[in-house]
């Protein structure tokens, strides 16, 4: 939203982003066509020659454009829009690589040697692959963007790397066979003696088939290195494959471990509750309360939620509490007429909790330590009198319970038992007492409200 | 237990669950027969045709039934039994897929084209595989159900996925060979020239054998892709295999890491104790006490038990404490005659602990911070007087010790040493003092009990 | 050490342990010989027949012996030596399996059918493999025993499982080939047409070679399934291998992650310190202090040490503190003449810490919160007076520093700087003040000691 | 920096380090040449013979040198420079191994048997591989050195181990083939009947090609074990490979898990914030505040930073705080004229925090618990008066805000809202109050400063 100088584009500009995405598509095309031309194209067809040069032109435009794009200073987190600084940064970092990967080697070759696709030119063309750094940084960005699923982003990245490796290896291996002096003593010639007569499609599929057979270590053996050059290439390719396969498995393990952590955590917690209940021979009803509470907690609370909230600064937490709790708390009978700042102080100390049906929130006679406001759901107010359980009334939305024990400083006189899934706001005795001590006027209003109700 | 409208079935109804399990079996049959028919059945035998249609009929019944099954609202966690809402939800989600996967393509094909198993019909039949989502959701449910072992649930799921992948690949690969114009230039024909004459069993086993040889990357090479179509299929299958193998290994790693975490945790803790003792040249007897305490703790306490208990709301924790400790505490001499609510307050603050034999629970002269009630086991009461150790008496079940130091506000006058595995309830000085401050009458009774004993 | 009834053996008895180890050796022999006899021995040689029966005799003895071995009750952690309970437990659990796996099938076969090694007998012999549960429980025990390295225990277990799987598969695959009606159409016959004439050694090595080639998914293809029976067996073996390989990799990953966790933790902590220093442009000397402190801490403190100590009960912790700190603290000038129980109270609150050379332990003018006793090493006492740093004196073993700030309730008047690696006992202000408040007499002595020194 | 005796070299001496690095290069040469000579060199060429002996000479020098190198005592962390102790330690540990791995077996062999490279000599030469322990300890050191990237250090180590294993296996397998009585019945002879006539290069590449084909389990099958000896060797090599592959994958998984943990942690935290905001229908603006705060925190705070700082001793933490905060705090208006030690006490309690733009640091009416000093950035001071928001003024570098609420003991009268990325020092109410209570004079100055500003 900050205003930049004239002619300077923000890197977050939506048109610039679209242009970058368009370039990514061209990069993918380049990455595929470069090794393919190297291996299979002794003479470059006219339409490919034109396509290559158009793609190069787009990247040349991008080089010019980069001089007009602001960048984010890593120390101040501010966009820098000074053209001199932008130029200095670009020229000292990637400018030279970008120029080398964009230079039109084929037209130059044609000018000098009357041959636009000699091996030297084709090898220089491989510099185009430098453009892949754009794909790499795209993935780095996607991984940090929670709008994209982490699992699929990583899988796409790994698949892209694998396919590129397979394609490159297929092309290079074909190149070796194509240039070997005895065509019959090559990996493809020993199986398909007339391979140079075959269609481009057949040769490419065969090369890819060999490549992937080797990468996945299937190794049927129908196509295998025959001469020393091929063996050498195979040695390096297999070593690389070992690393790549290990990297793929490592990533998958990482994803699986991460993806199942929530389920495992849930299982472990439920199991701990079951085992604890079994070992101590707790009645079935308490065990059920424990398990259903754990289930509700896992359903209503995100992974790391508590930790995340605790790490936020107090200003944001107050803001959240205000949005969540103020409308409910200001309507509660106990806080009728008190000052805004008193309620504000209380809500920053409140905690929202979910209780499943048929669970005891407060037990009769237990030490009073918390009071609750009902956000949603219904509870029974019960008491054991002379050994029989009596239900006095139902506590519903917006009502307060547990305040008697706290304000009279006595054990809780009633049991409160949920009838359905209930969301409650919990306020601890100490928080309420501190707030009342600091605001004597409001404190009197609260006590008045309380005695009026009694 | 909530009552639903007439004609509406609860998704937790046991009959409905049984029906779902029955459908799962039919799904497994469908998943196996669909690719098999596609590849190996040019003409469908009469009994298979009938079986297919019966299976379809069952799924058609299930589609109708779904309109009468209540669903759980994800926001309120209540069952919705309004037929209109149920219908609206089903039609907007999976209805259309279910209908497509159940339509009787073979009878329709017979009506129109006098041929019930043409390739088009057989390909349409593959829509049956949509039913597999039932298996997928079954596994998702089983994984969260602690009655089933997580390790074996995951292994079964992975095995099922692997077998299905192997079966499908075998069928598709055979289909390609079966339809290729030169039977001899196929993966099966080059090894078994008369393969179309072979028995269904031989052909199926050979196809599965090729499929699994490729999936496990064994790749003997006796059967391998020969023509370009097969090579293309093989390329995709091997790429898929790479992902599947990585996924299997990732899952197994996850399971192994999870399965051994308790043992590793135990080892690390014991090792920390041993190393600490060695580095500080502690006497052997103290080292043994440390190690045996760690062993008992790992045996008597579940993984995550402390964390699980801490996360439960106060109501449930009070309930647990009441069930576990009340019968013991009310019989203790110190609490004879005190009010119910006083004991209730104390037990919510108590902690159950296990001590292995020959361990010091309290040391003479140490600052008094806790008192203990013996739940089970026996302890010696010792004191060092003039340098010699004297055993005064044995403390047994239901007795209290350590209270002298707390109530007299002095260092502990005696050492207490376990004679056998003992379970003790620990009550901290501050908890007792707070409770006594708040209940002056009970406090007097406690002090009276204490002085009478002295 | 507990006394058992007459004729009842403790499971921890060293002779019984030795007997168990001896049986483990016999189990390994059984596990190897059973599949081997099944596959390669049409007629059992005399010496093998005798060896088998001797081994069986030993296991028969063990069955009888088990009736006289006490067991540990899982609930009370006490040894049960009641012969009736022992017998009841054994008969209801593993007795029947043990008997079946020990019955002498070969002599019985000879009695009835005049043939001691028919296929039926040999298959019954496979019940011997039940004995492997002893190996399994041995490994479970070794994994929890910190005298054995976890890495090598797990590796040995995995190697044993792998070798057993390879051996079994080799034997079964040979059995299939040996019994197939066309010897030439088998996996071994197609490569080695006269395989039945070959030596036992050649046949066994070839079978193992095939087995391991398949298990490791190398799959050269020189030996591969030829007939449908072999293909079926291969399918199951490869499926099993997929699981076994994943299990091996999962275990290795687990071990690697566990084994490197300490190094990674160390690196992360040092890196955090370096980055923090770099980001905040802290002087080089402070950065060095941070890093060298982290290095010393990792060298002197075991993984999980803090956590382990915190989980021990107070009795043990007091005992440890007494052993570690008492001899040093009682000699310190400040505590000359105070009561034993006062020192005892202090040492339970002390913490041992290591400081690398040239590190500031206390800074002049900082709020006084701790005092230190030097266990080993030397420190300089410095002060900045009028902007120049003056070294007053050297503080050595057994001396106290930092007490001036605490007892005078003022900021620290001096900087204390380590000259070499120093071990210090830290005592916090609040712990000392509490102890002095509770022990007024000792408090006077301490203050006297302090003033006398001043 | 400590001074050592004459003629004794420190192990940290830069020349000695360079010598060690030079020896590492010789070790790599030895490790490659030893198996190579064993397999491929029936007769050792003159230049290799000389090179071997020169290398041995260097290692002989190192043996002598080791007697003059001080070592670090593991208990006192001091360098030991007593020649007797150095000698005793070396002779009792690795001296004998070093001598055996350096003895000139070839010259000795030539003396006695007129043949410098018989098989016995060549096998004795394999003792040279003991030198590899130097490489092993180099890697152990590099892994703990944060100047080297952990990922690449581990990858280099694994690659080195893999290449060495491949090289050794290639050499041994060739040795077996070379010495087999029927050259045609060997793994290499069956494919390349005239292999003994081939160039060294071709034979070596073929051997390596077989080795790596087997290690990566590709197993084309063009080269495979033919005779029983080769099969036996292959069995052990494949078993070893299974372990090595699992080890490589385990390491890679470890590295991937570690490398992605920061990103995953970031994603989980942002996701928790998003889900929390969505579930509670928080306004978009609060959600944006939460997310941008999390992003800033992850960018400005290293992994484990909090934990690392907490584990440092108080002296270092005070030193850090002094360096970071003193220049800013002493210029703040509130602390004009107070004593140095008062400021010193405050800064040890301060926390540096970053706030992204447009975030509320303090909310009007919230309970006052902290005051802030602006290190960098700008904030708006706002208040809602009669329902409209008024911006009073801008708070810039070096200014204090939030102190009114704290010093008047009232709720905060203003909202403070960041305008750009701001770094703030937070000081909690309780820390300030404690410091003021302990320093009454400074307290009066602070209150005077405060009232003067009001």
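Going by the order they are written in, the chains are A, B, C and D; count residues from 1 in each one.
The definition used in the following text is that contacts are C-beta pairs under 8 Å (C-beta built on N, C-alpha and C of every residue); 3 or more make two chains touch, one makes a residue touch a chain.
These figures come from a predicted structure and were not determined experimentally.
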| item | value |
| --- | --- |
| Subunit B onto subunit C, rotation angle from CA fit, given as a multiple of 5 degrees | 90 |
| Chain pair equivalent in interface to A-B, over half of contacts matched, among A-D, A-C or B-D | A-D |
| Copy pair subunit C, subunit D: interface residue numbering same or different (half cut) | different |
| Distance between the centres, which are taken as Cα means, of subunit D and subunit C, whole angstrom | 25 |
| Distance from subunit C to subunit A - Cα centre to Cα centre, in angstrom | 36 |
| Multi-partner residues of subunit A (each touching 2 or more other chains) | 217-221, 245, 249, 251, 253-254, 257 |
| Partner subunit B, residues of subunit A touching it in the complex | 155, 159, 162-163, 201-202, 205-206, 208-209, 212-213, 215-222, 245, 248-249, 251-257, 260, 263-264, 266-276, 279-280, 282-283, 286, 289-290, 293-294, 296-297, 299, 353, 355-356, 359-363, 365-367, 369-370, 409, 411, 416, 420-421 |
| Touching residues on subunit A, where the partner in the complex is subunit D | 76-78, 143-144, 146, 150, 214, 217-221, 224-225, 228, 231-232, 234-235, 238-239, 241-243, 245-247, 249-251, 253-254, 257-258, 300, 302-305, 307-309, 311-316, 318-320, 322-324, 340-341, 344-345, 348, 435, 438 |
| Contacting residues of subunit D [partner subunit B, same complex] | 217, 219-221, 249, 253 |
